[in-house]
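One chain, chain A, links the two complexes that follow: it is found with chain B in the first and with chain C in the second.
After this line comes the complex of A and B, so read on.
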């Protein structure tokens, strides 16, 4: 393993997806020493996740593939150092980046402090999942999670799969499933994306998106995949035989499906939970790039990564022109059109969520618990929701419940209108869970007595 | 290619090179990864190490099954001890 402590790092890039790779390429071209770390063992992030050895890649549009090939070529030629199985735990009080070298069979995990002059955080997006009874069951996963399986294995997991929620990703995943010879049972979409012809026409401004959308729709049509619009799931239950019983409701009618697997998705949002922001005194120049700054997808992530890499070089005193924000703006406009097309025709009012609906999976806190917390309060503070209610208090650090908790409380009124997800999740390290044994491991951060004290203070 | 094995709750399972623990369990038909710390079930969900829903124990270390590649001979155990098959709708509280 590289001895990071002795490395003179100009720029630490966290995340080996398109934004992080592009930032590293740009910073190397400016002459900076770059270390890129990724929690997994390969580059590409979620969007460009490469197949396991011996597995075939999933279908990808030609422009998408060309973009990845160009980026991966540039990165390989850039001379940026890479450490895999390494995640970013946060910045300590002295501005040192704490990197967790993750455990493997031959080696215990440990946390190493690294001094970098600049840090670009490019940790991507997470999916939004609207809670419904049964979303926490085995066999239910996010659509992105299903897509990761397909990208890694080059195959759809066996059995009948239902896709549900909202957004263009459901269509993209369904299309990949068709291409792999195993279409989904149906797509249950909350919105009515073809109900707004004027918005549809705006896609003409981004012909790339339009072409891709038409190709996907043609493939789904040809495979006769049922797409139910303005329809949403109301419950998922374990069936006696081991499958899942799913109920959904459209406007007026109800339907049931017996499936093996449900993949849920309600859009994406930045994975900015707990990330440090602003400049700590004496700490590195800090910035975010790609989906963790603004979730706009891979095209924008590459452009935004280049911008962040160039900006890091400029902040470190190199005389270079700033980069144009035009490409990111174009992507922002396209994503706004998609967001309007997929604005939900249906949402579940909090009153319709049964008490037993799990809102926070990590701590097993339900809609009933949240109602109990609300009873008798004129205005819940984020602290009360978190410390008394234990919402956003678990090991995912609010990534999969903070939005849903806030949405529920806001729509219940009760003086929670000004509550934001970030009030629940805060800004502190570790930005992802780190084992105590890892923190205290020999040769790690805790070998420096000062850092032991800092860890205990947190 | 000769088959490689790891252990899930003491049971010998096959895996493919590069496969994560989560996908190897999935391929073996195991999608219930045992009880969670709060009475629900551990299972594969987000696939990107964010949701913590697939945490399992390897060599007494808690790891995300979706991030950790399988290595031959490793012993994978549930996050907390408990029944492997869920029979009452997933809730144990």
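After this line comes the complex of A and C, so read on.
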């Protein structure tokens, strides 16, 4: 066992989901010293999120269970060091990686500066949610957030839940709710996934996906969960007697639901907000892996993690063959089929959102504010949208509004075609807000024994 | 010194300068464009990136004489504040200029000495400034640490956010603004007069007069080699404190800031990197905390060592800040000059080429006033303040 007095390491892996774990395993096999950090308290990431102590795990499909068991076995045997409750706050201009160890019982938070020769960022994906009137109300959450709650607690929060938006995740969440004995009131899906038989047939090429999909659909059918296709929410309001009043519109007809909770979801995208891009001169070799590089799902995340771990070893001078990209390509094709199946039959063009629709929830900026900003300008730059409009400036730093803002601008603002969400979110330092006391707490130096990280050496 | 009505002057100039091309859409270029266009002069602003893409969009916004060097800079600072006040009451900048006092604080005897001397200089320039007794400090500024031994309260100061001023003036003015249009040179006739500017896209734009207000980009355009120094400043923004901590009525400026900036005797900061603490309570409830002065540095990154240094000093002065989170750090690049004075005036050798740059850490305060002033020069009218000392001639001896 070696004690790491100075925080110099070969490879820092950020994120303990499948991509990060696979990268760590691969890099250890190549002989690198590896430190993996995750902001949470357990490994698993989004897909293999483990239950809180004392809670029952949510059932996983056999194929997922087998993958997770193999990966966690390999990881445990790899000898990679792990720090939980530790989030990556960015690379500074000197190439130092800043790790924020969050305050926990009896221990103040602090920032550990780490000098790594290579860094693999494997921080996963985030959900997209298209703004609609009322999406900022209490009781509205993301479907992925609901799923994480279920995975952690082993139970569905009580009350009537409506799932809405678009994408296969809605079906997966509904099926898990059924399994836990609390089916959703309905699923409101914008797309018409069964309307494209030719695409459906392509799923035959990936029997794993097909089997999972059929199992989910069978379970929903048996539980009689209504699934409304080509339908979308138009507004959410607080109901007079508590709960939420939801309106939705299909082709021609309108429907209302009275529920306690609405879980929204419109697909996933890489969680690349504010991440450093290229490395500073003299800084670490930097790469991304898994969903944060390209959101292709769990199978691809493992393969891509292995690739990144191997690539880091190669970049640090080890003579090893590059890994095949075939498995990732196969997953990309499968995801493309899913994306086409769920390409929305309906969407409210952002131009039609009522003025009072909140777009940025942190700073409470609305569609009307964005329209006002656009009036009289053409070729507005991302910087002006941020500085003058206050979009993507709040404490979520654009995670929830950058896509929607850009979508709006592209369709409504002359000359905004070339805008990208990343122009709004930019590179942030720190990547997320960090406590000032935490930043000032000395840590990571040899003087502080609590910060010493132990790495097993065989 | 200042004619009280100049801010509302919309009468066409006696000698119309023709088509004026302004290079740079920072606060200085946009202010000049605003004042010219208000008098009916045709103006095109060419901006390499976007409005406020340079220092004007990455700075604090002290509209303040408190930190100015005694002499001409203090005089200009007062004119700067007067201009903001006029534009705010005149409507163009209504709501964008927040009046407030500045508190200069000293944490030991040596700093107190610097503070007393600087306060005397301010008073000499006609500024209302008062040294607070220790008991008053506790009453007025309960959030500052016990270590503070002396405070000067400077009245008649204010705050404006650079990029918002730029946006308001750009909206109010009637001129053409072209984004992503870097200028890479001038076409001159035999007499040296500029007849056109050439843009990065290979186009030529005919001009009857040209103002270069391109910050650090001015040096290359004008061949002012060695005159300008890019000076990076790192700034930190906290989350909203919203009722959790008491905020002072105005910024807390360490006496050390005066030294870092070279505003007080005892040291132009000639170290490559110096720190001068200002804790600025923003209207949003956030605190903007600065900053560094890093000579010759043109990257806009942040480093942990600097961030920690600034925060350590800030928490020492105002301990409760430790309860907030740092939302983001950013950097801006000031345009400083080797003799620490701005460069404003007609460029020798080309009677229709003007420059206004080199405002270091004072351009938000001075920008609108300087825009007004150079618009007069361009119209062939007398300036409100004698700015001979700022003439670019001091850096272009070879030009005839």
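Some points to look at:
The rule is short, and it goes like this: the second predicted complex is superposed on the first by the 431 of 458 C-alpha atoms of A that agree within 3 Å, B and C clash if a C-alpha of one lies under 4 Å from a C-alpha of the other, contacts with A are read in each partner's own complex, and residues count from 1 in each chain.
Operating definition for what follows: contacts are C-beta pairs under 8 Å (C-beta built on N, C-alpha and C of every residue); 3 or more make two chains touch, one makes a residue touch a chain.
Here the structure is a predicted model, which is why all the values come from computation and not from measurement.
Upon superposition of the two complexes on chain A, no clash is found between chain B and chain C, which fit side by side. Contacts of A:340 after superposition on the shared chain: neither chain B nor chain C is touched.
In the superposition on chain A, contact of A:428 is made with chain C only, not with chain B. In the superposed three-chain model, the partner touching more residues of chain A is B, compared with the other of chain B and chain C. In the superposed model, A:238 makes contact with chain B only, not with chain C.
Shared-chain residue A:115: touches no atom of chain B or chain C.
In the superposition on chain A, contact is made by A:437 with both chain B and chain C. Within the superposed three-chain model, A:395 lies in touch with chain B and with chain C [touch as defined at top].
Judged by the touch definition given at the top, the superposed model places A:102 against chain B, while chain C stays out of reach. By the touch criterion defined above, A:411 lies against neither chain B nor chain C after alignment on the C-alpha atoms of chain A.
Our angle of interest has its tip at the CA centre of chain A and reaches the CA centres of chain B and chain C; in the overlay it is 80°, to the nearest 10.
Of the two partner chains placed by superposition, only chain B is touched by A:271; chain C is not. For the pair chain B and chain C, the model built by superposing on chain A gives 6 Å as the shortest CA-CA distance. On chain A, the surface touched by chain B in one complex and the surface touched by chain C in the other have residues 395, 433, 435, 437 in common. Partner chain B is touched in their complex by these residues of chain A: 39-41, 46, 52-55, 87, 102-105, 108-109, 124, 126-127, 134, 136-142, 144-149, 152-153, 157, 237-238, 271, 356, 358, 361-364, 394-396, 399-400, 432-433, 435, 437-438. Across the interface of their complex, chain C is touched by residues 92-94, 96, 98, 111, 113, 280, 376, 379, 381, 383-384, 387-388, 395, 397, 428-430, 433-437, 439-440 of chain A. Per the touch definition, chain B reaches chain A in the complex via residues 1, 16-20, 23, 26-27, 31-33, 36, 38-41, 43-53, 55, 58-59, 61-63, 66-69, 71, 73-74, 86, 89-91, 93. On chain C, the positions that touch chain A within their shared complex are 49-53, 57, 163-164, 167, 171, 179-180, 238-239, 299, 301-305, 307-308, 311-312, 315, 321-330.
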